[in-house]
Amino acid sequence: MPVVHVNLIEGRTKEQKKAMAEEITESVHKHAGAPKQVITVVFHDIDGDSWAAGGALFSDR
Amino acid sequence: MPVVHVNLIEGRTKEQKKAMAEEITESVHKHAGAPKQVITVVFHDIDGDSWAAGGALFSDR
Amino acid sequence: MPVVHVNLIEGRTKEQKKAMAEEITESVHKHAGAPKQVITVVFHDIDGDSWAAGGALFSDR
Amino acid sequence: MPVVHVNLIEGRTKEQKKAMAEEITESVHKHAGAPKQVITVVFHDIDGDSWAAGGALFSDR
Amino acid sequence: MPVVHVNLIEGRTKEQKKAMAEEITESVHKHAGAPKQVITVVFHDIDGDSWAAGGALFSDR
Amino acid sequence: MPVVHVNLIEGRTKEQKKAMAEEITESVHKHAGAPKQVITVVFHDIDGDSWAAGGALFSDR
């Protein structure tokens, strides 16, 4: 039942998301005690104009 | 003032979102006591490579 | 698999949340075509000092 | 370390996001006491079919 | 209609949130072109055991 | 810069969150190519009256 939202700069491949989804699900399963089948992982792809750190857009770096 | 975020696999039509927005707004209005005009519903369309259940990507099923 | 996050001013009762959870789940089931058992609804209770509309805190109204 | 998610109807320009990112970062820095470099701002662009206020889709107004 | 979620370590006062809510609302109003009264700001207070940066909990620093 | 939000039923201990934060950060670091120090993990503790699966509250099971 746990729900994990992962916000990332766009450009990660399906294989990269697949690996993260497996490992994050395994970690939540192991430590939070939830069966794997009820764990949801959602990736949100954010473009470089829509992400700022320290007040500066990622696309301006 | 209530804010509802609905995360769905992409592909729902405008008509489907319209129906959900109406019914979810009605439900929150009725049970949470908020006037309809202050209720916001936001849909987030997630592609199949970005959604995992049980550690497996939706696009791999 | 759809995930719905409902942000509300705190104070809604268990019965109110139960009614909203049932109706929102029914709506998403009917219009998005997802089986009910894979639909998750999460309520986030927000206190009046932590919610602003029009730039004014709810607790100052 | 603060994380700010800004949900907007799509169509804001890079310059508009840049200005908001700078000002929001400055505000959180000043009032929450966090160094600017640890403040993250993420914009989520929502299309008009995916946003409802008062139960009506933005694209139907 | 814009919705802003601000995630912060708990402990900010009402006055601090009030100041951030005013300034963030002003910024979104000015740059995104939305009337102030339709802008929502929600603060999520996170305790130090529930926030990690660089893999380390805030409460362990 | 990646930001991960983990929604869980309340009751997980600090040690459990610490373990998940370490492993999730490691996974995002390894597969998304982000330095560990810019990865944020935030846990949201949800009480049993505020979580529904299949339309039924967790606290009613």
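Going by the order they are written in, the chains are A, B, C, D, E and F; count residues from 1 in each one.
What we mean here is this: contacts are C-beta pairs under 8 Å (C-beta built on N, C-alpha and C of every residue); 3 or more make two chains touch, one makes a residue touch a chain.
Everything numeric here is computed off the predicted structure, so don't read it as measured data.
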| item | value |
| --- | --- |
| Smallest count of steps, each to a touching chain, taking chain E to chain F | 1 |
| Shared interface partners, meaning chains that touch chain C and chain E | B, F |
| Same or different contact residues where chain D meets its copy chain B, judged by the half mark | different |
| Which of A-C and C-F has more C-beta contact pairs | C-F |
| A-F, C-E or A-C - pair sharing over half of the E-F contact pairs | C-E |
| Distance between the centres, which are taken as Cα means, of chain E and chain B, whole angstrom | 23 |
| Whole-Å gap separating chain B and chain C, where each centre is the average of the chain's CA atoms | 11 |
| Whole-Å separation of chain centres (CA-atom averages), chain A against chain B | 19 |
| Chain D: positions in contact with at least two other chains | 1, 3, 5, 7, 17, 26, 38, 40, 42, 44, 51, 53 |
| Every chain pair in contact, whichever chains are involved | A-B, A-C, A-D, A-F, B-C, B-D, B-E, C-E, C-F, D-E, D-F, E-F |
| Sites on chain D touched by chain F in the complex | 1, 3, 40, 42 |
| Chain E partner contacts - residues on chain D that touch it in the complex | 1-9, 12, 16-17, 19-20, 23-24, 26-28, 30-32, 38, 51, 53, 58 |
| Complex interface listing, chain B residues touching chain D | 5, 14, 17-18, 21-22, 25-26, 36-45 |
| Chain B residues within the chain A interface of the complex | 7, 44, 46, 49-57, 59-60 |
